[in-house]
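Notes follow the structure.
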Amino acid sequence: MADPRFFDRAGPFTLAELASRSGAEVASGADPDLLLSDVAPLDQAGPGQLGFLDNRKYVEAFRASKAGACVVHPSLADRAPAGMALLLSPKPYRAYALCAQAFYPLPVASGAVSPAAHIDPTARLGEGVEVAAGAVVEAGAEIGPRSRIAANAVIGRNVRVGADSVIGACASLSHCLVGDRVVIYPGARIGQDGFGFAMDVAGHVRVPQLGRVIIDDDVEVGANVTIDRGAGPDTVIGRGCMIDNLVQIGHNVTLGTGCVIVAQSGISGSTRFDHHAVLAAQAGVAGHLTIGAGARIAAQSGVMRDVPPMTEVLGTPAQPKRQYFRQVAMMARLARGRSGRGDEHDGNE
Amino acid sequence: MADPRFFDRAGPFTLAELASRSGAEVASGADPDLLLSDVAPLDQAGPGQLGFLDNRKYVEAFRASKAGACVVHPSLADRAPAGMALLLSPKPYRAYALCAQAFYPLPVASGAVSPAAHIDPTARLGEGVEVAAGAVVEAGAEIGPRSRIAANAVIGRNVRVGADSVIGACASLSHCLVGDRVVIYPGARIGQDGFGFAMDVAGHVRVPQLGRVIIDDDVEVGANVTIDRGAGPDTVIGRGCMIDNLVQIGHNVTLGTGCVIVAQSGISGSTRFDHHAVLAAQAGVAGHLTIGAGARIAAQSGVMRDVPPMTEVLGTPAQPKRQYFRQVAMMARLARGRSGRGDEHDGNE
Amino acid sequence: MADPRFFDRAGPFTLAELASRSGAEVASGADPDLLLSDVAPLDQAGPGQLGFLDNRKYVEAFRASKAGACVVHPSLADRAPAGMALLLSPKPYRAYALCAQAFYPLPVASGAVSPAAHIDPTARLGEGVEVAAGAVVEAGAEIGPRSRIAANAVIGRNVRVGADSVIGACASLSHCLVGDRVVIYPGARIGQDGFGFAMDVAGHVRVPQLGRVIIDDDVEVGANVTIDRGAGPDTVIGRGCMIDNLVQIGHNVTLGTGCVIVAQSGISGSTRFDHHAVLAAQAGVAGHLTIGAGARIAAQSGVMRDVPPMTEVLGTPAQPKRQYFRQVAMMARLARGRSGRGDEHDGNE
C-alpha cells in the first residue's frame, strides 16, 4: 500500500466503475458491483485490490494471486485463479494505468496562493490556481485555471502557462508558452538562451537568441531537463511528448506528437523528431537532422544522419539494428581468433 | 520578428552605425544612412531588415532575398540581388552577431532590489545592481556594479561576482570568485565540494575540498551545469569560455581562454584544457590529462590520454579522426563480408 | 592555505591528537606534542603543516618536502627527510582524510531559523536545526537535530530528514525518507515521479508512481542529481553510497552499502547494485539487472546484462576488461593492415 504520508487515495470503486474509466470490459461471471479499494502487484494483492497482467512471464504469479480483481488481456483470461474478477482489455497496461489514476489522481490545485509567494501585481492567475511558498511569478505572466506552481519555482516575465498544469519545485521558465495539462518536473530549465555564438579567437561573440519555447498540451518534462529557446524560429515540444530527467534539447528543435525522450539524452540544434519517435537513454543526435515518425534510437547511440520512419538504430555512429549486432558478433569472433584464447578464460575478470 | 512579450528591441540603426558596431564595411553603392529596424533570416527579411549570408549553401536564398541589407563576405558580394545594401566582412557571422546585439542587447540591470529578496546586511551591492524576488545574497558576498541576480538564485557566503554579470534563476554559487560580464544560466551549481574521498569498505571517508572556483571575465556557464570547487588548488574557468547546458566540471580542472564545452560533456578532476580547445556534446575526458590548444574532441568521445594541440579526436577510446573513420569503414566491410549479406537487405530495419 | 573567506579552520592539533583521530600511529622518534596548524600538499607544506604520501610516484616530493609532519605507509617511512614527524598508517589517504576533517570539519548547524525561511506550522524541527533564507519546509515535514537546510531548498510534505544532515541550496525533496549524516548537494531532485507510462499512439498514459525514495545514513548525493521515487516498491540508496553530480537514478533502483556512482552516469529502473559496486562517469545500466558486489563498470560503458561480483566491465555493450582491450587492439591492427598505411601518418590530425 502506498505510504499514506505521501499519497492520498481515492475510492473505493466498483469493478464497473473501473471498467468504465479504463475502457476495459467486465468479464462474464464477475460481479460489476465488487468494491475495490486499491491497486497492488499480483503477488501482494489481496481480496479488495486490483492487479494487472501485461507479460506472459508473470502468468504463474497471476495463477497464484489472491487479488480480488485483475486487468488482463482476453487471451489470458482462462489462466485466472478461481474467484478472481477480471477486467478484459486488449491494452491491459494502459487500462491498469487508468485504474491506478482513479485511485491516485494528480493532486488538485488547492486554489491557495501562499502569502510567501512573490507575485507581480501585473501577473494574472486563473481561477483555482495554487502558488506555493517562495514561488515567483514575474510581471505579465499568466497562469491558467487550476494550475499549480510549486515552492521556489520561477515563472518569468510574460510567460504563459495553460490550465491544469504543474510547475515543479525550483523549476524556472522564461520566453515560453506552455499548454494545458503539462507537467514540468522540479529543476527543469525552460527558455534560456540557446548555445549560439560566432567562434572567434579574439573572443566568441554571442548571437542573440530571439525565439521561444512552445510546449503543447499533455507534455511531461523531467527533473533538471534543459530546453533552450529558439535562435529565431521557436523550439517546439509537440503534444503528449514524454521527456525524462536530465535531457538536453537545443535551440530550434521540434518534437512531433508523442515522442519519448529518455533520461540523459540530448538533441542538438534544429533537429526535428517526427511523431512518436523514441530517443533512449544517454543517446545523442547531431544538429539539423530529421528523425522519422516512430523511429527508435537505442540507448547511448550517436546519430549523425537522418533516420527513416519506423527504423531502429543503435551504436556510434548509429546504424540499423541488425547491422550493429552483426558487427558486435564479428568483432567478438575476430578477437577470439586472433588471440587464440576462448572467452571462457575470462571468467575471473 | 521576435515576440515583443519577451524581447525589447533597440534601434533603428543606420547602415553606417551597424558597420561601425560590427567592424564591417559599407559596400560601395550602399546608402550609409539607410535605416534598419531589425534582423531577420534571408528568406523572411523585408526592406527594413538586415540578413546575413555565412554559407555558400544559401547563396540562392541570398539572391532571392528581399532583405534591405545583408552582411556578407566580400567574395560573395556580386551575387546580391539588385538594390540590396551590403555590409562586407571577412567574418560575416561574427559581424552579424554584433549587429543583432545592437538590436537586442542584454537587458540592462534595473538597479532595483526587490523587497522580496533576502540580502544579508553584510553583503555589498555595487551601483545599479538588480536583485529579483526570492534571491538570497549571503553574508559578506559582494556583487559588482550593474550585475543582475535573478529570482531565487543563491549567492553564498563571501562569494564575489564582478561587474555587468548575470546570475540566472535558481542558480547557486559558493566558494567562488566570478569575473565581469559573466553569464551564469539558470540552475547552474558552482563551488560545491568535489568528489573526493578515501574509498574504504568500512565507510568511504570524505576529503575536505579546500579550493575555490575561479571564473574569469566573459564566461558563459549553461543551465544546470555543475562546476565543483578545487580540492586544494582551484578549479579555473578561463576568460571567454563558453559552457553549454548540463556539463560537469570536476575539481581542479583548468580551462584556458576561449574553450568551448558542449552540452552534457564532462571533464574529470585535475585535467587541463589549453586555450580554445573544444569538447563536443556528451564527450568525456578522464582525469589528470592535458588537452592541447585548439584541440577538438568529437561528440560522445571518451578521452583517456593527452590530446596534442590542434588535433581532432573521436571515439572511445578517442583516436585521431582519420584512424577512427578507417576503423568504422573496416568494420562495416568485415560485417558485410562475414554475413554474406549486403546492407541493402536492411532497408526495413 | 585554504581561502579564509570560505573555510573556517579548527586546530591546531598535536601529532598525538591527529593520530588518535585518524587511527594512525606516531612513528618512533616523532614528538607527539608537535603542534600542527593545517594540511598542505607535500611540495607546499611548511614546518607547522601536515602532508601525506599515498603514491610511490611522489616519493621524490616526499624526500624534498619541508612539511613538519606527514601521513605515510610504514613501508615508505625510511624515505622521509630528516626531522619530519611521521604518522604511520596502512591506509595513508584515509588517515589523511580524517586529519583534514579535523582541521576543516563540516560547518556545524547554527541553530538559527531565518525569518525569511517559510516553515509550515505543522513541520517539526529538531534541536539545533538551521534553516536558511528562502528555504521552504512543507506541512508535516520533520527535520532531525542539527541538520542544515540551505537557502531556497524545498523539503516537501511529510518528508523526513534525519540528524546532522545537510540539504544544499535549491535542492528539492518529496516522497522520501532521508537518514542521518546525509549530504544532499545543491540542485539535487529527490522523490519526483519515475518515468512510467503506458505507451499509446492515442496518448501515453502515466502510471501513478506510488513508492518512495529511501536514503540511508552517510550517503552523499551530488549536485543536480535526479533520484526518482519508486513505482510501487521504493527506490533505495544504501548506507554510505557516494553519488557524484548529474547522475540519474530511475524508479525502484536499489543501491547496496557503499556504492560509488560517478558523474553523469545513469541507472535504469529496477536495477540492483550490490554493495560497493562502482559505476564510472557517463556509464549507463539498463533496467532490471543485477550488478554484483564490488563490480566495476568503466566510464561510458553501456551495460545490458547482469555483471557478476568483483568483475570489471567496459565498452558498449559492456564486456570484461581483457576482452574489450583485445578487441580495441585487434581493430587497430586490422585498420592499419587494410589501409596499408601506418599510424605514423596520422601525426598531424
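The chains carry the letters A, B and C, assigned in the order they are written, with residues numbered from 1 in each.
Keep this in mind: a contact is a pair of C-beta atoms (placed from the backbone, for glycine too) under 8 Å apart; a residue touches a chain by one contact, two chains touch by 3 or more.
Computed from a predicted structure; not experimentally measured.
Since subunit B and subunit C are copies of the same chain sequence, what is the angle of the rotation superposing the Cα atoms of one on the other, rounded to the nearest 5°?
Angle of the fitting rotation, subunit B to subunit C: 120 degrees.
Pick same or different for copies subunit A and subunit C, depending on whether their interface residues overlap by over half.
Interface between subunit A and subunit C is built from largely different residues.
Mind checking the centre-to-centre distance between subunit A and subunit C? Centres are C-alpha means, answer in whole Å.
About 28 Å separates the centre of subunit A from that of subunit C.
Among the residues of subunit A, pick out those that touch two or more other chains and give their numbers.
Within subunit A, the residues that touch at least two other chains are 134, 152, 170, 187, 224, 246, 264, 282, 300, 331, 334.
Taking the touch rule as given, give the residues of subunit B at its contact with subunit C in the complex, in rising order.
Touch residues, subunit B against subunit C: 118, 134, 136, 138, 140, 152, 154, 156-158, 170-172, 174-175, 187, 189, 192-193, 195, 197-201, 203-208, 210-212, 224, 226, 228, 232, 246, 248, 250, 264, 266, 268, 282, 284, 286, 300, 302, 311-312, 316-317, 319-323, 326-327, 330-331, 333-334.
Report the residues of subunit B in contact with subunit A in the complex, numbered from low to high.
It comes out as residues 2-3, 5-7, 39-41, 91, 93-94, 96-98, 100-101, 103-104, 114, 116, 132-134, 150-152, 168-170, 185-187, 218, 220, 222-224, 240, 242, 244-246, 258, 260, 262-264, 276, 281-282, 299-300, 315, 328, 331-332, 334-335, 338-339, 343, 346, 349.
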